[in-house]
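Supplied in structure tokens, the structure appears directly below.
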Amino acid sequence: MADLFPTTVVGSWPRPSWLLAELKRKNRGEISYDEFSSVADEAVLLAVKYQEDAGIDIITDGEQRRDNFYSFVADKLDGLKLMTVAEVMDYVEDKSRYEQMLRALDVPAFAIKSPVAVGPIKKKRSIALDEMQFLRRHTRKQIKIPLPGPYMLTRASWIDPVSRYAYWDREELATEYVRLLREEITQLRDGGASFIQLDEPTLTEIVYGQASKQTFMCAAIFSKVDPKEELEFATELINRTVKGLSGVKLGVHVCRGNWSRKEESLLKGDYGPLIPYFQEMKVDQLVLEFATQRAGELSVFADVSSFKELGLGVVNPRTSEVENSEQIVSKVEEAIRYFDPEKIYLNPDCGFGTFAESPVNTSSTAFQKLEVMVKAAEKLRAKYA
Amino acid sequence: MAEATLNGLNLERLKEIVKEVASQPEKAEELNVWRARVRWLGGFRGRAYVRDHTFIIDEPSDLAGVDTAPNAVEYVLSALGGCLTVGFILNATKNNVKIDDLEVSLEGRIDNILTFLGLSDQGHPGYREIKAKLYVRSPADPKTIQDIWSKTLETSPVGNTLSRNVKIVPEVSVVD
Amino acid sequence: MAEATLNGLNLERLKEIVKEVASQPEKAEELNVWRARVRWLGGFRGRAYVRDHTFIIDEPSDLAGVDTAPNAVEYVLSALGGCLTVGFILNATKNNVKIDDLEVSLEGRIDNILTFLGLSDQGHPGYREIKAKLYVRSPADPKTIQDIWSKTLETSPVGNTLSRNVKIVPEVSVVD
Amino acid sequence: MADLFPTTVVGSWPRPSWLLAELKRKNRGEISYDEFSSVADEAVLLAVKYQEDAGIDIITDGEQRRDNFYSFVADKLDGLKLMTVAEVMDYVEDKSRYEQMLRALDVPAFAIKSPVAVGPIKKKRSIALDEMQFLRRHTRKQIKIPLPGPYMLTRASWIDPVSRYAYWDREELATEYVRLLREEITQLRDGGASFIQLDEPTLTEIVYGQASKQTFMCAAIFSKVDPKEELEFATELINRTVKGLSGVKLGVHVCRGNWSRKEESLLKGDYGPLIPYFQEMKVDQLVLEFATQRAGELSVFADVSSFKELGLGVVNPRTSEVENSEQIVSKVEEAIRYFDPEKIYLNPDCGFGTFAESPVNTSSTAFQKLEVMVKAAEKLRAKYA
């Protein structure tokens, strides 16, 4: 089968409107998570069908049961409360940072929510096991499960004056997440997942968030950071999460924001400053965006020897234009100058519907982008097999 | 029997109040006159007294204040935001429209701040323009929301204060 | 060596600030733009957010509020009082005049509050007139005080905002 | 000598401008109380000279050492702090009452001060013994010493949230004042004072302050009152203060405000409601204003039998016009219809300079008013001797 250039997705798929309506009802407390989830089953089947038809090798469930890639954990864990920026602002002192973010995103404080640690974190239900089990029953493809990374979870949910009621400090909260994620990964592996992707998009915000004066996204706004310390902290958390785990591919996904089709509102800068930390991370693959200029040149990896696998972003999930397969082929061939062809996976830069209510694309365009990506992979396989 | 409420307002009480003001000229007259007192606390800080309430007014540190509170021009923006909030809720409630969430984001542009510091005589130090963006979450249709918003702008006390000329009557008293 | 202060202001720092604003157009531009956000809390209560500060806006109970804070039109009066306080201290300090105590007492008259409640279409619901009485204790002679007061009124950001027409640019966004 | 219709003053005399300048320096802390007091010596001599020249029988020192009739105690007692209305407003909840008062008086909050009990009240120096001793050395006339009454002191200095740090309740603070005043009266008597006048002007405020919607004066604004309770409380305090004391004439002075020449801004109403309490007070004399219409008719005393002495107010301290002696004579003859002539003293309605910085008259007019009062007394003596 397809040994070289496996194709996959980063995670989310645009939700159907009828799913969004049910999501609102769930958020308002009118239906339970289980009631919502049973409606979401069909949305998952649709997302699976699109990926299978496009010929994707390793598929996800399109994150149809999640409101976004990280705050959905509030449904899964006790001790987390989905708080609006408005609620958070009642607690923090540096309110002006939130105000900047709200103005940058042009949203009211009541509209943006983030899971905040308000009590001891305990599993109410598994984080993604239900997603995996449903998916397992409905596809023969390999399964990828994206999970929010331990650093992003910690950063998003630690609001100093609130979270201190439950945890001594941010490190103690992080340790809890590491424990929960390890447990989850083990169960997902045992249940049949072949690829676990830890989403850590805010790593670029640490490096480029300040300079660009752009706030990244809700997951990143809730704490101030010292870049070096934060990157070390993130790396350490990732390594503690994956330590000693085997029998499943472990990846880390990093991007520069995926909440808007205005490219200028997203972060910009190459991977250079992150490479030393990437090298420290004991994971199998780095899933990186490369389809836009904003991500910088692949050449920053020129002097990096014996690197792990690269999940290479080859299509932009935020454009209406579908890339052609030749563009994708030449992007991959550029990567081959710095990476072993056996280590290169093809994927979009990010999900097509990171935030349920503001997907960056339509299903039909997303489908075409996957198709062309598969076509490029076939060409490459023919050439490099 | 529980009394009917909408948007956190008791409907009966609201009706009563409107009736009272409509029928009693002295009640309306009372609501036409408002008072405040601001006492200097040193530097650029002041303490405002309004009925039983009190709050601080300060300047940011880049204007030689100690930034313990908003400054005067920020209170003006907030007052407009507060006024539009109250007005919108009043008009929505009167029309039986439920509001789930509401927020007003304001940005004001001073004509020329240099005139305040005595560095220019071009233009003036007052606001030239104020943007007021209302975010609202409501089951009502967009047309209804737009109508309530228009009515709110038209009947806003602070909005009208700002968009019209207010006569300021100054007086100074040197106290021994 | 201790730095010279007057009226609670560091004279060197004040000079520097004025110099900075005078010489850096981007600094002046920054001070021309001010922002605030007001979030509805239910009923007639709102919470204002201004940089790192926050405060409540409410209505008195005879206007169906719960009277936990001043209302919007009272904040306008207070803002004028705060602005005149800062302006007076700024101008006094620049002229090396010591101020011992200072207070501004304000009274505003709404043209016709009935229009706010939709009970009349005569006049408007904004302030028609605001009296601002300054009480000051200072060793300076009355003529100097009067000059500072005139200068303060002339260069007051809130004073000019109120006495002129501000263009209000409304926008509404229905959020899901 | 003059047995019938003795003439006296209520207390204060307009301060010379040079004394006011020193008073300011003392208030700013630039000079000590003792330094100020030595400057005030000459002002006292002037006030004494005026009274002696006018032929007054029982004189005061013109209260030249006091900033006003009650707040001067802050110089004398530890535990009292002279706080402006502005400072007090930082502590109390019902700020709007103070605002009403400030607007009624057209004054800023920084201008009005009142002594507030902030710690245990202890004598730093005697309240008025120094005044009496200086006066004793410089006149052969009988000496009257006005003292702030126990009720007014309590009412003015009890600010609930502040004073509770020092005293359990208002009653406990009042008990302290009673003790201090008894000690002071004893010393004043032993030193040669013949008349001690307790100033309780706020008694009229209890009765008429609410109805007129006028606030009385700073001494009265600092607490809300239930009229009956307050009058009973005031009466009880006065009686506890004077109980068992003999060898000195003890009086209580009541008026309706003396801070402004605008008569309409002062309180209005007759003594009717106060008479039952006057009858309970174990003092020798009531020093009452009667020179204006605002004080009501003397006929309210028609049915009161065997009343104590009356200090009859016969000139208005706040007008530029000097009364003529015939007016005064007929006012006294009206009083004679309800009071024994032996029990009638002649005095102005109140002091001529109750508040140091806003005297209600000039020295020369005040002097002429005393002269005409003495002239009237002489006519009356000729008639009733």
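Note that the chains take the letters A, B, C and D in the order they are written out, and that residue 1 is the start of every chain.
The criterion applied here is as follows: a residue touches a chain if its C-beta (ideal position, glycine included) is under 8 Å from a C-beta of that chain, and two chains touch if they have at least 3 such contacts.
Remember, predicted model here, so these are calculated numbers, not experimental data.
Colleague: Figure out the least number of contact steps between chain B and chain D, where 1 means they touch directly.
Modeller: 1
Colleague: Tell me the angle, as a multiple of 5 degrees, of the rotation that maps chain A onto chain D over the C-alpha atoms.
Modeller: A turn of 175 degrees brings the C-alpha atoms of chain A onto chain D.
Colleague: Write out the two chains that share the greatest number of C-beta pairs in contact.
Modeller: Greatest count of contact pairs is found between chains B-C.
Colleague: Just give me the whole-number Å value for how far the CA centre of chain A lies from that of chain D.
Modeller: Chain centroid spacing, chain A to chain D, equals 81 Å.
Colleague: Between chain A and chain C, what is the separation of their C-alpha centroids in Å?
Modeller: Result: the chain centres lie 47 Å from each other.
Colleague: Could you give the separation in Å between the centres of chain A and chain B, each centre being the mean of its C-alpha atoms?
Modeller: The separation of the two C-alpha centroids amounts to 43 Å.
Colleague: Among the residues of chain C, which are close enough to touch at least two other chains?
Modeller: 35, 37, 39, 51-53, 101-103, 105, 135, 137, 173, 175-176
Colleague: At which residue positions does chain A touch at least two other chains?
Modeller: Residues 86, 102-103, 107-111.
Colleague: Spell out the part of chain B that touches chain D in their complex, as residue ranges.
Modeller: Touching chain D from chain B are residues 35, 37, 39, 47, 49, 51-54, 173, 175-176.
Colleague: Could you list, by residue number, the parts of chain B that touch chain A in their complex?
Modeller: 101-103, 105, 135, 137
Colleague: Applying the document's contact rule, which stretches of chain B touch chain C when the two form their complex?
Modeller: 7-10, 13-14, 17-18, 21-22, 28, 31-40, 42-46, 48, 50-53, 55, 57, 59-60, 62-64, 67, 69-87, 89-91, 94, 99, 101-119, 124-138, 142, 145-146, 149, 151, 153, 155-176
Colleague: What residues on chain A touch chain B, complex-wise?
Modeller: 86, 102-103, 107-111
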